[in-house]
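I have placed the structure first, in the form of structure tokens, so that the comments after it can refer back to it.
Chain IDs A, B and C follow the sequence of writing; residue 1 opens each chain.
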Amino acid sequence: MRILFRYLTAKNVVRSTLLASCLTFATPMMAFAETTLNVAQGRDPQNLDPIDTFRLAWGSIASNVFDGLVFRGEDLQLKPGLATNWEFLDNETRIRFTLREGVEFHNGEPFNAEAVKYTFDRLLGEEGAKGPQRGNYTSIREVVVVDELTVDFLMERPDPVLITKLSGYGAMIVPPKYIEEVGEEAFDMKPVGTGPFKIVEYTPTVGVKLERFDNYWNGNANVDNVNIRFIPEDATRMAELLSGGIDISLNIPTPSVETIKQSDVVDLVDVDGPSVVITRFNTENGITVDPRVRKAISMAVDRDTIIEALLGGLASPISSAQGERSFGNDTSLQPYPYDPEGAKTLLQEAGVAPGSEIALDIPSNNDTFREIAQVMAAYLDQVGLKLKVRTHETSVFFNEIVTNGKSGEMFYFGWGGWTFDFDNTAYLLYHTGERNNPYIDDAKLNALLEEERATYNTQVRRDALQKVAAYAHEHALDLPLYNLSTLYGVNKRVEGFVPAPDDRVRYMDITLK
Amino acid sequence: MTDQTQQKSVRAIPKFLMSRYFKFEFIAGALLTGILTLLVLSSGVIYPDGGAKVDLLARLTPPFLSSEHPLGTDPLGRDILERIIHGGRVSLLVGVLSAIGSVVLGTVIGLFAGYYRGFLDTFVMRFADVQLALPFILMAITVIAIVGPGIDRIIILMIVSQWVQYARLVRSSVLSLREREFVQAARSYGLPDVKIIFSHILPNAMGPLIILLTLNVANNILLESSLTFLGLGADPQTPSWGGMLSEGRSYIQTAWWVTVFPGVAIMLTVLGLNLLGDWLRDELDPLGQTR
Amino acid sequence: MPVFRFILQRVFQAILVTLAVTLFVAFAIRLTGDPAIMMTAESSNVTEEDLSRIREALGLNRPFFVQYFDFIKSLLTGDLGDSFFRGSIRDLIGIALPATLLLAVASLGVSILISIPLGIHSALHKGGLSDQIIRVLSLVGLSFPNFWLGIMFVLLFSITFPLLPASGFESWSALILPAMTIGIILTATNVRLVRTQMLETLSAQYVMVARAKGMTEGVVIYKHALRNAAIAIVTFLGLQFGNLIGGLVVVELVFNWPGMGTLSIEAIAQRDYPLLQATVSILAIMIVAVNLAVDLVYGLIDPRIRVA
């Protein structure tokens, strides 16, 4: 009813009445042929507006609803999206985008240069300031409309990751008229984009219902509806998947990997993800000030066994805080080998008495890491270190422990930079003054990171980022643990599912048997 | 509800207790509570390791297969029986300490509030109202978010939120006892108030208190398991029943024993205490004050 | 008019209690950390300037009492304002409150369906074997951790025998497991209540009279005794309402039930001050109102209680 009403007020009464009467005729006849894909994910994005979120849970819904100027699919290659072409002008201070013609928002509003300008004015302006996305795009000074289908991005400073960032999250193009009409609050709950599906209904904590958008610019989706449910309990989400109530489940918990592998109805699909897990060292206080101690700890923990036993083998060991697909990863850099004897020797050299106590701070909401932390304690016990695992409520962990540098000798750090560019992670780990970096203040690292950020030259950037990784490794600034695979449980009746490494799943090419 | 019934029941306890030991509630309750408490108290002797021995090769061993791990192992290969016996320490500690803390605090305040009335009395009653209106779990989550998790904080929280029920119970006993002849008589002899309160009034209010205490221990063991289940209680390296449940939850599909056995341990302990409480109620509270 | 004064006094007290609860919640949550950091916890490139911009936009740098009065105003107008992260609070509560009430009512239903027949049976066979068994079983019911019982039901009815949905809100069958979980725990106390109440009524004068008049046993039980037992149960539940809500919190979480408990826990986790204030205050108001109602009804029936 409410939708109909909105159409009526939208001044095209004639069209909408016709549309409504068509629909009432069409619906009962099509009811039999309608296909619905049922999806479960662990978290509720809580707000569907692109500028109000940073959550993967948002990404896995929104990649079906919105488009950016640039498109990045499951293969992580950057391709034309709502822009067909872009070029760097004026000594790389201006980027010109040519826009795609004939694209339409779900409400019928045309996509054009005005919409692009509106999107970025909103993101960088007052409305964007209330949300977490603005900070990722402040390298843009202004977006200027050249003509109906051309826009220029005037840059405040170089931003080598900008093109990637334009393919997701805060840079999703939104419809100006619709937002002005319904208001910001309504847009949070029922946004409109240009993507292959439109949002029918979002019920907080319950789910989102999507329906195919028939005027999509890039072909039409195969399924008519997608019903996405939020099921935070792992056990219940898995029960629904295994019983067939759910066709595709995101966020597969490691304990369920075996069950899914044995199932006759569900397949486990995995792909290297962006999420890495490391523990950071306190380089300011405690025995970990000594690099030998940090190296010893790195050598005392058997990562391969942890990955095999606790993560079902669905993760890979890493030598820096990035996975293999990340830009800036250097495959020749090897993690410290598992060598308890060597670790003992190093500890002895550093003058650490056997039985010394150290503490590891972790957030309490990560069940898997809570187990891993206890296994690490068992490993460290064998080289004579007593590791005390302290859990903190998530907010306290970020607010107090990490940001204010109140951690013990070690603390947890988990990150999933969806851009797959080490720049993102490296900068917040090693640059002086970053919130996640309470202890490290190193001129060399600062210089490398600033150099890398100031250029669009890929070779220079890759070199600099690899040097950062090598430097962190050499001084054992962190203990890099593993890169998690992104896992999906997919019912055998689903065809054409391509796993997205970054959780930004797309449902349009899926068919149901 | 006359003086006589009250007096008679209090004085008569020792005599008829003898025969009442043969009631099912008492035998089952005492056996359950006794055996579990003994096991838990001797945990350090039976398993000196402290239930922390990790063995990844033996992870998720099913129960009843080997004498080495009779109840199987958890995701880190730790023996579940061993962890249950060790984990009982946390449950019993929290249950007993929090109940004793609230009984002492509540009794003292209740005695004075009932004896003197006035401001203290009003405060107790209004505090009780606020307490009733605030769901404990939500309050606990908020407060733990401020002060951080830990067993000690949970005990304090429970005392802070539970002393009121004792205070109210004691207060109402005092209100009725205050006007009795023996109290009036003591007063006319010029005995100090404190002495009257503790040696004349308190003994007569004991029965209901003991019952409430028993049930309170039981209830707080359940509460502790809920709070630890939500991640607010014991740290991960201290085995505790609630913690085991929360760790086992994600394995429910593949390894039911990780979740089932600690839950059974909680249930049996609480059941034992409830049986005892029920028996005590029949014996000590014919008037139904604690019902 | 002593009755009028009594009512006025109780209502005034209820308002004071509600105010105290809201003040406590509003104050306590503000001690727990910074929503701006929570909001940006997973985004990179956040500067101190960004954080203070967010705080400004959320109105966090105003004095506490200004924020508190804003909240009280929004509560009184029923508008409830906006959550920090997720739009209109009224919309969120519009989903959560009915969900919680539905679950509460369904649990009560389950409990009454089990406890009344069992309680009556127990009372009619007082001291017999079945009475003993029922009494002990009801104690067993009291001894389950509620969330564990929920997990066991999921294990049994959703995993081992996939009969019922383990979670969700969409179909009626999803209501069964959570309602059974809470219902069984409520039943444990209710059975004993019905039993005691039945015993009392059965020995009462008018029942004796009814019997003497030659009414059949069934009529006596259902017409007279049951009605009294029902009143006792309703009163008891009124008094236990707060506990019921508290118990719902964890069970809602286990079953992913989108109720007030789930909403409150999410609000605490994210430091969503306005949302938490609203949910806890509404729960508190409900509890206070129910207690007040019980209090007033009793006070009016039995003047002696008014003094205490």
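As a convention for this text, a contact is a pair of C-beta atoms (placed from the backbone, for glycine too) under 8 Å apart; a residue touches a chain by one contact, two chains touch by 3 or more.
Please read all numbers here as calculations on a predicted model, not as lab measurements.
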Chain nearest the overall Cα centroid: C
Pair with more cross-chain C-beta pairs in contact, given B-C and A-B: B-C
Rounded Å distance, chain A centre to chain C centre (Cα mean): 38
Averaged-CA centre spacing for the pair chain C and chain B, given as whole angstrom: 22
Chain centre separation (chain A, chain B; CA means) in Å: 46
Chain B: positions in contact with at least two other chains: 145, 249, 252-253
Multi-chain contact residues (two or more partners), chain C: 32-33, 151, 154, 159, 253
Per-residue overlap in chain A, given as positions that touch at least 2 other chains: 235, 239, 242, 365, 393, 395-396
Residues of chain C that touch chain A when the two form their complex: 32-34, 37-47, 50, 53-54, 56-58, 82, 85-88, 91-92, 95-96, 151, 154, 158-159, 162, 165-170, 253-256, 258, 262-263, 266, 269-271
Residues of chain C defined as touching chain B within the complex: 13, 16-18, 20-21, 24-25, 28-29, 31-33, 132, 135-136, 139-140, 142-148, 151-152, 154-155, 159, 196, 242, 245-246, 249-250, 253, 261, 264-265, 268, 276, 280, 283-284, 287-288, 291, 308
Chain A residues within the chain C interface of the complex: 46-47, 52, 54-55, 126, 129-136, 138, 185, 188-189, 203-206, 229-233, 235-237, 239-240, 242-243, 245, 365, 393-396, 398-400, 403, 417, 424-425, 427-428, 435
Touching residues (chain side chain B, partner chain A) in the complex: 52-54, 56, 59, 75-76, 144-145, 148-149, 231, 235-237, 246-247, 249-255
Contacting residues of chain B [partner chain C, same complex]: 24-25, 28, 126, 129-130, 132-138, 141-143, 145-146, 172, 175, 218, 222, 225-226, 229-230, 242, 245, 249, 252-253, 256, 259-260, 263, 266-268, 270-271, 274-275, 278, 288, 291
